[in-house]
Amino acid sequence: MAIPLEGGRDTPFEVGGRAFRSRLMVGTGKYADPAVMVRALEASGADIVTVAVRRVNLDRAGSDDGILGRLDPKRFFLLANTAGCYTAAEAMRYARLGREAGFNDFVKLEVIGDQETLLPDVAGLLEAARALVQEGFHVLAYTNDDLVTALRLEDAGVAAVMPLASPIGSGLGLLNPYSIRLLKQRLHVPVVVDAGVGTASDACVTMEQGVDGLLMNTALAAARDPVAMGHAMRLAVAAGRMAFLAGRMPRREVAVPSSPLEGMLD
Amino acid sequence: MAIPLEGGRDTPFEVGGRAFRSRLMVGTGKYADPAVMVRALEASGADIVTVAVRRVNLDRAGSDDGILGRLDPKRFFLLANTAGCYTAAEAMRYARLGREAGFNDFVKLEVIGDQETLLPDVAGLLEAARALVQEGFHVLAYTNDDLVTALRLEDAGVAAVMPLASPIGSGLGLLNPYSIRLLKQRLHVPVVVDAGVGTASDACVTMEQGVDGLLMNTALAAARDPVAMGHAMRLAVAAGRMAFLAGRMPRREVAVPSSPLEGMLD
Amino acid sequence: MAIPLEGGRDTPFEVGGRAFRSRLMVGTGKYADPAVMVRALEASGADIVTVAVRRVNLDRAGSDDGILGRLDPKRFFLLANTAGCYTAAEAMRYARLGREAGFNDFVKLEVIGDQETLLPDVAGLLEAARALVQEGFHVLAYTNDDLVTALRLEDAGVAAVMPLASPIGSGLGLLNPYSIRLLKQRLHVPVVVDAGVGTASDACVTMEQGVDGLLMNTALAAARDPVAMGHAMRLAVAAGRMAFLAGRMPRREVAVPSSPLEGMLD
Amino acid sequence: MAIPLEGGRDTPFEVGGRAFRSRLMVGTGKYADPAVMVRALEASGADIVTVAVRRVNLDRAGSDDGILGRLDPKRFFLLANTAGCYTAAEAMRYARLGREAGFNDFVKLEVIGDQETLLPDVAGLLEAARALVQEGFHVLAYTNDDLVTALRLEDAGVAAVMPLASPIGSGLGLLNPYSIRLLKQRLHVPVVVDAGVGTASDACVTMEQGVDGLLMNTALAAARDPVAMGHAMRLAVAAGRMAFLAGRMPRREVAVPSSPLEGMLD
Amino acid sequence: MTDTVRVIVNGEPQAVPRGSTLLGVLRTLALDPRTVVVEHNRHIVRRPALDAVSVAPGDAIELVHFVGGG
Amino acid sequence: MTDTVRVIVNGEPQAVPRGSTLLGVLRTLALDPRTVVVEHNRHIVRRPALDAVSVAPGDAIELVHFVGGG
Amino acid sequence: MTDTVRVIVNGEPQAVPRGSTLLGVLRTLALDPRTVVVEHNRHIVRRPALDAVSVAPGDAIELVHFVGGG
Amino acid sequence: MTDTVRVIVNGEPQAVPRGSTLLGVLRTLALDPRTVVVEHNRHIVRRPALDAVSVAPGDAIELVHFVGGG
């Protein structure tokens, strides 16, 4: 079945001076089968996919274990991340290596502060963000849901603020809609919620807070059927965005009939 | 923009021996502008639309105030309701009149028990359901979220059980996901959640409980932009259904990295 | 530590023409150790405790397996239930046997409609309630959270309506605060929430809906320390009741400082 | 009525080397009537009350507008805050002035980062915390619910970490129980939730996360009856703490009867 | 004896020519029988039979159709 | 003809002396009548009457009391 | 040359007698030194020293105490 | 003096011919320079310069590329 949607309603989704069709970004980690990954990415409709920078595996020399053999850089916009970095210096090193791969000067900046929760170190994050912006990077900053940190990141010149819905890989969904709504109300740069989404309704309710986009990885990779979940997420992100733009009905604690009260028979 | 979706994944949505493409049903009440209504219905992708049975307005004789001038019965499956009826006898009278309009022998059976909340009278509902099933009706029974009543309705031979998410017109969303999930697990007839949905994420999370379909009216009619909300709801219902079929990732209280731990630089 | 509380603020808790000090009722089932049960009951401060009517175990003749050896009927008001009954007739039979034990003519009326969920059969419940009220019983009716059924029970003359928070023994807490609040707003007889409470905050939030009382069993019996949980529940019920009477502060989506804005230094 | 509670179960609540009886701290701002404030504080059972440092009002010279005329420093432990400070330097200045008032060397450290939400500036907070700890202060640090910041504060030597439940004065309750639970699991210093609690169940559910204490102001001052809400909060904090210690029953998605299945009549 | 009889149509008294059938009543009211369902003294009368049923004084006639509803 | 009759007590067959009253049945079972409610062929028999009601072969007797329940 | 000097107390200009100490300033303002903390040109002056510190023209003096706060 | 020098590639010691350039190291490891980013003693060396930079004993070389990540 095909689900056409009237166009022209939404403004384009722009980050770092580039416009993208889809407000959904997806990661490429944790898939058991690369072929399933590719189909899940396609089903999701994402333009932007994240990748990590890691050493070439010399033990498997010749057989390329990189991801570029799987992803067509003409089809997908490759967004390098700095996952696994625990200091500003380390993250900057990975960011530069990622840029050198030659696709673009965007980086999804992660500076992790705690190994168990993968929550960001906001001091290191701000330091790295400031430096990388100076070096000409478009920085998409993975952060927590703290407004003040987000404002500082905006001041630092990041291209997007990426607050988490809940910890990476947890699937706990949007734990604090209030904070995310607040961030969006106060920031001028795009807000792209990153991490924690577990299922389609999580994606939908997150977009309904008015944020500009959403990034997820495990929700697809660890679904029973990643391709079907890719479809579901594409629809859910569009649904939540459209509902936000449409303007929901007011809530009422009393019932209001849908059918006319007048015209009843005797 | 068009959002194609791979077909063939889902079983058809069947009620009363008929198959429908869309799992979303929409009501036709409370629209200020009939032209907006028609576009919102079309945007929603619904096959089944509900209508009420009311007296012809003799004061406006000639100018038809009925809805058939607006809805093409070839495009939409018209489902007559018994909204506004407070006894089994009254609901049966309206059901018969609705059937006589000649489109089909389906009825969305409402027997209201309380004027303020429009909650059903389950005793009257069961009585009317039993009688109408005997008369050959396909009864879609608007009820509360009580499992035992739902089981009795199934025993009575209804074509679908239609528990409410929250009161009609309230927009409070799915107040008790547990009860709805339970109903779906225990019933064999289709479960179509009816009433209370306010925005897209409500629709999405409701479908994720595994129910067969969803009926709404005010969520579209009272949205700031009913047509856009129609789009949103179509996507949200498909997203929730697809996510249910895809099988969501497990929730974890600890973070799990999306990028590899190995291969980090020295 | 002793926690004194100013008296005189609350109206007495009256059911069936009798006044009770505590708004907490507790069950006596499922305790591994009867001595622990007695201490948990005492810790809870409950006046009313529920008991079941069952056959004397003839295999253990002489060694009384009844509960009266454990509970002092002068200390506790014994409320017989009809747990385990699946028809109106069966429940009425148990109610009469319970009354014959000679303590009072109160009955906690249960007519179960489904073995798996122990949800009530509201048709059988109403039938039994009407008959027992005619026989002079003070009927406390275990029901679901449906307003219309509750109104019918009130019309039948029950002494209290006892909607469930969630299924018996589930510990899922108050699944639908909206429905419970609605019941309390519309009924004139006492509303005592029965079943599903799992921990102290469940009890507290339930009482904050304005209901008159709360009945629980498993929350104490299956706690790691039933006596300490008895204490906790006593405090939680009093806290929720007191907060309801005190009238909570309004919610605000913006912050409001607690300390003065003026008087800051240069 | 008096509510005695078995003693000896809980460990003492210790902060900065001092033990306190109550785990509830209350603020003294925003009361219309100082006499009501005193009675509300007494009803709350709090040992620790917070106060702000402000200029003496010279226009009302002679008539002391300070709070010491109202609060007996022998009865209450006065905890000076740095509310209204937007930089580390400013907060340190207020902390030193507060200490000079001569009661103790504790300070509730606030470094605000945003005027609209009163959310903390964690960079300034850490800077001030480190300096004040060096000066011998016992620092209770008002912070957001970010674990990494909390760990840094612990490293800095604070006496307690005080994450917010929701913004100051909002009454939105515990927006993110997951984060608070996580903080408590990972920190060794006491965790005292500060700000956002609106009613008794908010306090109860917060304590059930295992935190050591709770600080509130507006929930009492802006209640319809602050004294009654003081009572309610004292009970709710004790209830939540006791329930945490008692160990709640497991949640189950199926019902489990409270009364025996055997012994039913034929 | 007048030329009209009084019936109750949709709760309101209406004068219709003596000897009218239900179809005649619809015509009097300028209603298209294809868009209306007719209930006559609590019995539904199908379209083909509308011209075969005469109305008597005091008859209760309900003329209904579909309107927007949820 | 034997000296005992068979009755059903709490669902199980029991032999009791012919001519026993309900009170006698309780004594046979070593039960204290103050702690038991007696139902005889679906009718409740109050304590004072227990010695006035004789049992007949095949009678259904239920002896119940309060147990822990929620 | 006047008999008073102008200082800034709590942000407002105040004239105090030339040669006043901080304790004198408090007295001029009818404030009880036991209820006030004194900051003099950004340095806290403890109570015993209040009479040992003289004020000079343009000095910034902050007099603070505890007020209700959360 | 041997014909090889020891360098550290991706954390592991590797023997490469004395006088090798970075490009030579890649060839030794059978790696396509178009798929790898090279960091030499903490400095990134772009592809055109790979054949202009010689390695010395003990040099730290990191060879990285993109892998799946979130």
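The letters A, B, C, D, E, F, G and H name the chains in turn, as written, and every chain counts its residues from 1.
Assume a residue touches a chain if its C-beta (ideal position, glycine included) is under 8 Å from a C-beta of that chain, and two chains touch if they have at least 3 such contacts.
Given the structure is predicted, the values throughout are model-derived calculations rather than measurements.
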item	value
Touch-network distance, subunit D to subunit H, counted in steps	2
Pair from C-G, B-H or A-H with over half of its contact pairs in common with D-G	A-H
Averaged-CA centre spacing for the pair subunit G and subunit B, given as whole angstrom	74
Mean-CA-position distance for subunit D and subunit A (Å)	35
Whole-Å gap between the CA centroids of subunit F and subunit H	97
Between subunit H and subunit G, distance of the C-alpha-averaged centres to the nearest whole Å	71
Multi-chain contact residues (two or more partners), subunit H	11, 39, 62, 64, 67-70
Junction residues of subunit D, two or more chains touched	27, 29-30, 52, 54-55, 81, 83, 93, 116-117, 119, 168-169, 172, 178, 217-218, 253, 257-260, 263, 265
Interfacial residue positions of subunit F with respect to subunit D in the complex	8, 11, 39, 60, 62, 64, 67-70
Footprint of subunit D on subunit G - complex, ascending	9-12, 29-32, 35-37, 39, 42, 44, 46, 62-70
Contact footprint of subunit E on subunit A as seen in their complex	257-260, 263, 265-266
Partner subunit A, residues of subunit B touching it in the complex	1-7, 9, 21, 27, 29-30, 43, 45, 52, 54-55, 57, 81, 83-84, 93-94, 116-119, 167-172, 198-201, 203-205, 208, 217-219, 221-229, 231-236, 238-240, 242-243, 245-265
Residues on subunit C engaged by subunit F in the complex (per definition of touch)	27-31, 34, 37, 50-56, 58, 61-62, 64-68, 78, 80-81, 83, 93, 96-98, 100-101, 168-169, 195, 215-218
